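Order as written gives the chain letters A, B and C; numbering starts at 1 within each chain.
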């Protein structure tokens, strides 16, 4: 894959439906992200109860020249529980027919001819890797999708699908409040394969700022003075902690505020020391390294 | 390996000693299994306190023409605690001498010239993979064993032995009441290597029907009406749930009733939907997919 | 690597600072180890609060002819909390500059021209494998280090670094009181790659002899009569239990008493039976094998 497929910081569109922006405001929002060097936008078919891709696509339709400047990531594979859609039990679906249908729906809703990167949103126990890879190849050949990846996959699930089709990333959760990927081999695998992970909830879904649980308080008590010492915001420090990892992760923002994007971009210039990185790890785990 | 080495459903002989069948009844039982398309019979040296292979072998001796129609799987490697055999502490043994002795005993007891598939019953911490592979090769060359595999092995134990000798399967536990293999990489590895797993206790050892624990009740409450809707028995639905997995598992029956075999075979024609599969998973875990 | 790089038993220098030996006594201690066939000495930059390498090096300086007969293993990568060194939060550091600095300091303190084996002491979440491998290659080319390895690394961490530079061992904890490495894939990987592990705390840090917890008592109750039956000490039996593993581990002693080394070396001649090995495992886990 083109090493610059994804911008260092990726704008997460997850909550766009809550931002209540009219079409011109959406266009302006995208432009401001681009001005900050954020050219990649992270979607999923289901975001905003299936509404976000449409909202974003309306902006692209209103300002078609934007398309050339941005990269679109989206996901499919989750069937949300929905009376309207006739889904009684939330489940995953990576059947060829469903993946194709969702990709084609995303193209229509986003008003684009090609998706730059499509991820399987969650590991489907019923994924037939060979069959799914066939669908990847077909949609790639048709020009509908440029690259493929996964999200929330374990190392063995990743290895299984990767054996049948090249994957470019595993989008996973990581934050000072959620350290699993450091220990379960996910980031080792990413670094070994040279495949930069995408990171969701790099700020712990806001818990970093307002969480009252013991861990959140302990982490904030360490990070707040550290941020002040470094002259950056708490959010910027959290992004810097993430960016310090040698797998070279792409954090995904969640905020609708342009200042939220600025906090993330600012982290690209914060050279966090190893000791500071471990001080945050230590606060999160509640014990020093062995 | 011959892709049809094992029949889709495998008859488990574990409890044959409890069935109290005389020799003609045993012959008839085997014939009925064959008539249902079940040509593979799963043994272990220790089943029935070392009695089952002998019971089965007596039937083969009484009706030698049967041999050509069936495939025999057996296992070795467990030394049961036994005053008679001088074993004070139950343990595993995969030494060349022991594996050879058990294979040769199985051949004698079963009255056959070759075992179609022999499995190492449990992962032996003291397994010397290179040495054990040497024994596999020798017994293969002597025509005593056609194929080798393992049972209850983790992915790394499988990978270790597989590096020294081709293995054709990992026989593992899986059922709506026992989901570990879905998450620990075992089934990912099986699918990646194209090696169909064999499944023991696909009905949770009967707990599916009569278990009074919270999980069993919850699973039954979902599966019973689903079975009625699909017009199949609860057992058939459980087998269908298993067969739906893309690793193409071979469930092993446990029943001595021919109707028990019919329940399993019937599942081959039940096209379980993805949503139904996940409804059972959801009932078992007690929460929807993330 | 030279298959005899490490002697079967390795002398651990961890506590040398507590032994209160003057220089001639240190020389004599080393000579006695060599007379027992123990030619490998295990160090780390931080042992004895950074004092042990110096103590050992003073002996080598006093008796320079010893160097040709022994192999030196040391480790780096941990930055202990230390007011003196300006480390407020204990952490790991595998940056090129730090690894180089520590290797060069070890050479100076030990009064040797080359370290036979250097291990990364703990898995550093911030390890950039490619960059670290570059440092390994440079220090190897300069003749300062002959071989590289790691300690306390998971299988995926090992695989990551191994993909960039050959590693010869993973030094891990294992004892009748600490069984993790048997189940987490570490020893499977070692055997698969033919890389003999080094074992720290093979006696459970003394807990085997004096621990009053339920597990220690249970293990001792099984091992004490077994040792008497075999005519060896409890320590020798623990070493024999370790040496029985097919990955062919190198246990590291901890004692300053020469009799402590003799206990370990004696184990090389104790052919522990499989059943005895599992009796100890069973006592440790508190249940028989499945």
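Convention: contacts are C-beta pairs under 8 Å (C-beta built on N, C-alpha and C of every residue); 3 or more make two chains touch, one makes a residue touch a chain.
Being a predicted model, the structure only gives us computed values, none of them experimental.
Student: What's the call on chain B versus chain C, same or different interface residues, using the half cut on shared numbers?
Tutor: Different; most numbers are used by only one of chain B and chain C.
Student: Between copies chain A and chain C, what's the superposition rotation on C-alpha atoms, in steps of 5 degrees?
Tutor: Copies differ by a rotation of 120 degrees.
Student: Between chain B and chain C, tell me the centre distance in angstrom, where each centre is the average of that chain's C-alpha atoms.
Tutor: 42
Student: So which bits of chain C are touching at least two other chains?
Tutor: As it turns out, chain C has residues touching two or more other chains at 155.
Student: Where on chain B does chain C make contact in their complex?
Tutor: 78-79, 81, 87-93, 95, 122, 125-129, 131, 152, 154-157, 159-160, 163
Student: For chain A, which residues count as touching chain C in their complex?
Tutor: Interface residues on chain A, with respect to chain C: 155, 182-183, 185, 187-189, 191-192, 244-246, 274-275, 277-279, 281-282, 288-290.
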